[in-house]
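So, here's a batch of structures to check.
Each of the next two complexes has chain A plus one other chain: chain B in the first, chain C in the second.
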Partner chain A sequence: MRLRLLRRAQPSLVMRILAPVLAALTAALIAFALLALSGKAPLAGFYALFLAPLSSAEGWADVLVKSAPLALIGAGLVVAFRSRVWNIGAQGQYIAGAVLGSAIIVHDPQVAGVWVIPTMLVLGIIGGAAYAAIPAFLNTRFNANVILTSLMLDYVALSGLHYLTFGPWRDPSNFGFPGSVSFPSAGSLPVIWPGTQFDIGALVAFAAAPLIWLLLRGTLFGFQVRVSASDAASTYAGFSRPRVVWTALLLSGAMAGLAGLMQVAGPIDQLQTNIASEMGFAAIIVAYLGQLNPLGVLPSALLVGLFYVGANNAQITLGLSSSLGQLLQGVLLFTLLASNVLVHYRLTRVRA
Partner chain B sequence: MRAMSSMNDNAAPQEGHARLELAGITKRFPGVVANDDVSLSVRPGEIHALLGENGAGKSTLMKMIYGLLEPDAGSLLWDGRELRIEGPMHARALGMGMVQQHFALLESLTVAENLALTLNRHGRWDPERIVRRVEEAEREYGLRVHARRPVHRLSVGERQRVEILRCLLQEEPLKLLILDEPTAVLTPQEIESLFAILRRLAAEGLSILFVSHKLDEVRALCHRVTVLRGGCVVARSDTAQVSVEELAALMVGDAPPPLRERSRPTIEPQVRMAVSGLNLPTHDPHGTELVEVGFELRQGEILGLAGVSGNGQQELMAALVGERAVAPQAVVLDGRSVGHLSVRARRRMGLRYVPEERLGKGAVPELSLVDNALLTRWPQALRWGWLRLAQARAMAEVLCSKHQVRQAGVNQPAASLSGGNLQKFIMGRELDQNPEIFIVAQPTWGVDVAAARRIQDGLLALRERGSALLVISDDLDELLLLSDRIVVMSGGRVSPVRPVEETGRAELGQWMGGSQDGWEAFGDAA
Partner chain C sequence: MTTAVWVSLLAGVVVAATPLLLAAAGELVCERAGLLNLGVEGMMAVGAVCGFIAAFHSGNPYVGLLAGVGAGALCGLLFAWLTVQLVADQVATGLALTILGHGLSGFIGHGYAGESIKGLAAIPLPGLSQIPVLGPILFDHSLPVYLALLLVFGVHWFLTRSRAGLTLRSVGEDPKVSYSLGLRVYAVRYAAAVFGGAMAGFAGAFLSTTYTPMWAEGMVAGQGWIAVGLVVFATWRPLRLLFGAWLFAGVGIGQLFSQAAGLALNTYLLSALPYLAVLVALVLISRDPLRIRLNTPASLGRPFRAET
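So, the complex of A and B:
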């Protein structure tokens, strides 16, 4: 008796939904095995990682706050990836949005007025979109590979952020620590769940996914994205590929920029060196774990958010390394790729 | 059906043992039985035709003989011994050779180098030795091939001869040669020379399995014929004992409805599309450059563009429809220079087209039929930037029912349609828009006879309405049937345009083969 993969006549809808669940369970099992191998009590570790954050309301708030930017960036990346525009630069666009939006506060730390928050939001969007415009221009003008240009620009953005937070934008009254001034209340998003960091920004972030779903389903642009599956068919339909590349990059960049701004004007409350904490890369996993469906991004963002909070919790309570969260993300990506094979193939037993 | 055919078996005379014998071969794929209890025998020195329409199960059967697929049931006897063919390597070791429709040749290597790649498997790299063997083969079988020429400079007919040579020169002496639709890409003259070679090979004892759906060729070349329909054998016979009409009836089942009467359109035949001085360089090293292409397409006519595929037809289509920009005045639509305009702009002017590539261009395989119905019709479903999905769905449903597209629901992906149904879907999508100017490549490629008739009828109906049609096809017979005037494309240039009554297969075939006799004298005035 041997197992063999046979191609399905049609991709399976059931497996498309089940594959991420299967992947998450497998990843959890691998985490369990890793904990056991590293000599820690696996059950306690497992509890600290996955269950403890969900056993209290504050824990839930933490997970939601962590998930919000992932859901926002992830929804934007769904548009890009479905258009076959491989924007790996969400990290840089996130930083660009955060930096440009913070400029108002750094310029005048005492700023006040109701116009401040809206202006910061707009600047965040512009920052992310403008940064994404660079790979869009390089691709449509010189046919440069978006994966390479957008990825490299991530590191350029990070260096720029370091320069600003260590240099000209450093808060002089902060004992030489890097980072801008703390944001005044006029530049902070209002918290809507008292006692937690859950603010209006998180709500906006979660609302993005359904809007993107509507955009992809019902608009002409959504149709262009669907047809992008085939270049030849897009040409035949009379669509312009450069326009799709520009729109996809500007939109996903704008959403990443907005996410960045809403982090510095929200939970972080300051422009710091480590604001990004690999958020732009985690969002790629979120987009794929959601099967490139805007609505699927919501549960997958919650799961990856849980990994962040759980790893943090495990570090505090058990002294486990905080890189456990990233390790889990990596494992999850692999298990997802493996289980997605089952969307197009089915396992059958063959007699040797 | 099968009970009837088993009586025909007696008609075949028994002379010695069969080289290849299939008994009760069955092969199922999800949702279809591709071959159902198929039996077949081929004797030494026999040219045996396997006749059937597109989708009758011929290719599946060939693949099982050559070891590319494994049958679900049934047995295969080779020289009287029952065996299981493990794969193409095993099949070749037994003395089988197969020439597929799509050749497996490396374009940038010479003929000898290509042959050395597969023939010199165990020895050292020695194309020169191959050159000598190729010359011997020419003396022996009359197979003319330039051994030192790179493949990209060969005509399709020559490439096919290289593939046949590869089978003949293989280590194990060749006993059975399988040819899959070998004449599909050849000019009439090339077909004649291929048949001469095959007859000579058969006379020396080679068995040939000739897979085809062309009745005349089967009658002209083959000794015996097995007819497949819907995966079953419906007849076996000596070709001498059946007429072309009988074969057609066996192959198709019910006779297709006759084509509509051609009427003279009453409209003044004004020029709708004028092409002149059209030049287009190619980016693809194996593509074809367009040189000074010019012709006129008039209202109420079907202009046939004949030619062996790969002679610039794809490049011409790209330039005519707007996929590649050319000089503005090179393409004139209704008096307006449009050579620089986009696909979208030209479609708005009433020009619609059907590309040769169905899946991946004419339709997106992973998208639903609803989305695919919108592919060229989206402006109609658009309001304020939103697509009206209910309307799109209704559009797809009407399209499928009107053109008898068999499908399991319009939300199914286009990839789930069979080739013939997809073709009906795509042709229907464009025809129903009643395009003023319609350019279509290979309109009936891959569909059965009845569906082909409906599509041809649709084209003629469009012509009667006064539209201007340009039909690009490899199939000269179809063009002679449909066209008012005909033009040949060869090496990126076009011949003079000829009314169908004033030309014939001989002249067109010569032009398709690269001759330019009579091009200058005639001019474009016709």
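So, the complex of A and C:
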């Protein structure tokens, strides 16, 4: 007797929803095993990772603050990935948005007025979109692979950020530490949950996912994105591929840029060297874990945000490596990809 | 500037090109079998940390290299299981492997940062290393440097001259037809992915046991991605990897060149230069869509499942 995969006549909707749950449970089991292997009490580790952050209001606020940019970038990536435009350069676009938006503050640290925040938001969006325009141009004009060009630009953006924060944009009064001046109140997003870092930017970020859902459901562009899954269908419908590539990259880049700006003008409050911290890659996981559905991005962003906060907590309380968070993200994406086989196939027993 | 300086710089290029050559040769074989594995960066990180830990505990860097090869092969096996057996999306699986590799290397390397080991010694080839200029550039290195050069020629021979190579290429071009001809599509793709992983692990272990005998988180620093770019740059032809790897490695150690030439270039610009070089090279190569279409393995990135 052995097991065999049989193709389903139609993809199973139930499994599409159950697969992430199954994946999360399997990932939790693997986390348990990893903790046991590293010689820590698995139960204490498990508590520090997944439960401690959720046992207080402040913890919830932390998780929400950490999830917000992931939900925003992830929702943009859903559009890109559904269009089969593999923008994996969200990290670079995030940095570009943060840098361009910070320029106002660096130019005049005493800046004041109600126009400052809206201008910064617009600059953040422009920065991210403009940076995403590079792979779009190179792909549509020169046929260059989006995966590789957008990724190479990540490293270029990081070098640029290092240059600015160690060089011309460094705050001279900061004892030689890298980083820009701290943002004045006119350049900081207002906090709406007193005592935490949960600001108006986080609300905007969570609102993006439903908006993208409406965009995909109710507009011609959304239809173009949805038929992109099939070359034949898009060609038959007469949709221009370069146009889809441009729109997908500009939109996902703009959202990543906005996320970057709202981080430096929000929880971080200055332009630092390590603002990105693998955010772009975590957002890719969020997009996939949400089954490339904009609404699915919300719970998956919360879960990945929980991993970040939990791993930090485990590092402080148990001395575990902070890479544990990233490791768990990787495990989770693997278990999800494995579980997803059940969407299109079913397991049957066959007698040998 | 003296000849001696140039000779040592060029020898440095040959060494710096080694991890790129190893990883890219493995990825090239994998892609010629139709599997696009974007996890090279992560597999290199796992190879680097496992190689370092094995070398640290055994006191023998060669054991480290073997451990790196083994760890990389396991990563390749994991990739093959998901993409071949479970028909998972190759792009997503590769990215997952990169993220997993980063996290895993940081997790198991926790506590080894700052430790140091005795690196692999150079083995000057008798006779050949005495040739003026060319000797020190090519024939006065550690074992992996020679192996990387041999590997490129070996892969070229395998793909163009051997029966198994022909099978592998036909699986990469059209798995359906290959399957109906009775070729073992799954086995070939598994083997190619494991080989690609092993070579990426080897490349990572070379970094942590020979190039800089130490372990630091993030030490692979994008070289796995450059290797993936290199495969496209070489338009899936093994011998062209050599030229590309030397080019990118030369740009990578551009800092040394600019110092040697007495230029004061911005260090941040120099650190971005290898990635910009890959970008420019990709654009130049891809400009002609026909060339890319003719050379890309036809089934690259497409899942295959024998429907029964």
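Here is the rule we use: the second predicted complex is superposed on the first by the 352 of 352 C-alpha atoms of A that agree within 3 Å, B and C clash if a C-alpha of one lies under 4 Å from a C-alpha of the other, contacts with A are read in each partner's own complex, and residues count from 1 in each chain.
Note that a contact is a pair of C-beta atoms (placed from the backbone, for glycine too) under 8 Å apart; a residue touches a chain by one contact, two chains touch by 3 or more.
From a predicted model like this one, the values you see are computed outputs, not experimental measurements.
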Side-by-side fit of chain B and chain C on chain A, or clash: fit
Touching partner for A:232 - first (chain B), second (chain C), both, neither: first
Chain B or chain C, by number of chain A residues touched: C
Partner chain in contact with A:167 - chain B first, chain C second, else both or neither: second
Chain B, chain C and vertex chain A (Cα centres) - angle in steps of 10°: 70
Which superposed partner A:115 touches (first chain B, second chain C, both, neither): neither
Touching partner for A:177 - first (chain B), second (chain C), both, neither: neither
Smallest distance from any CA atom of chain C to any CA atom of chain B, in Å, after fitting: 7
Residues of chain A contacting chain B in one complex and chain C in the other: none
Residues on chain C engaged by chain A in the complex (per definition of touch): 38, 42, 78, 82, 86-89, 91-93, 95-107, 110, 217, 222, 225, 228-229, 232, 266, 268-269, 271-272, 275-276, 278-279, 282-283, 286-289, 292, 305, 307
Contact set on chain A toward chain C in their complex: 5, 7, 34, 38, 86, 88, 138, 142-145, 147-149, 151-153, 155-156, 159-160, 162-163, 166-167, 278, 281, 284-285, 288, 320-331, 333-334, 337-338, 340-341, 344-345
Residues of chain B defined as touching chain A within the complex: 30-31, 323, 342-344, 347, 355, 357, 360-367, 371, 374-376, 378, 382, 385-387, 389, 412-413, 415-416
Contacting residues of chain A [partner chain B, same complex]: 9-11, 217-223, 226-227, 229-230, 232-233, 235-240
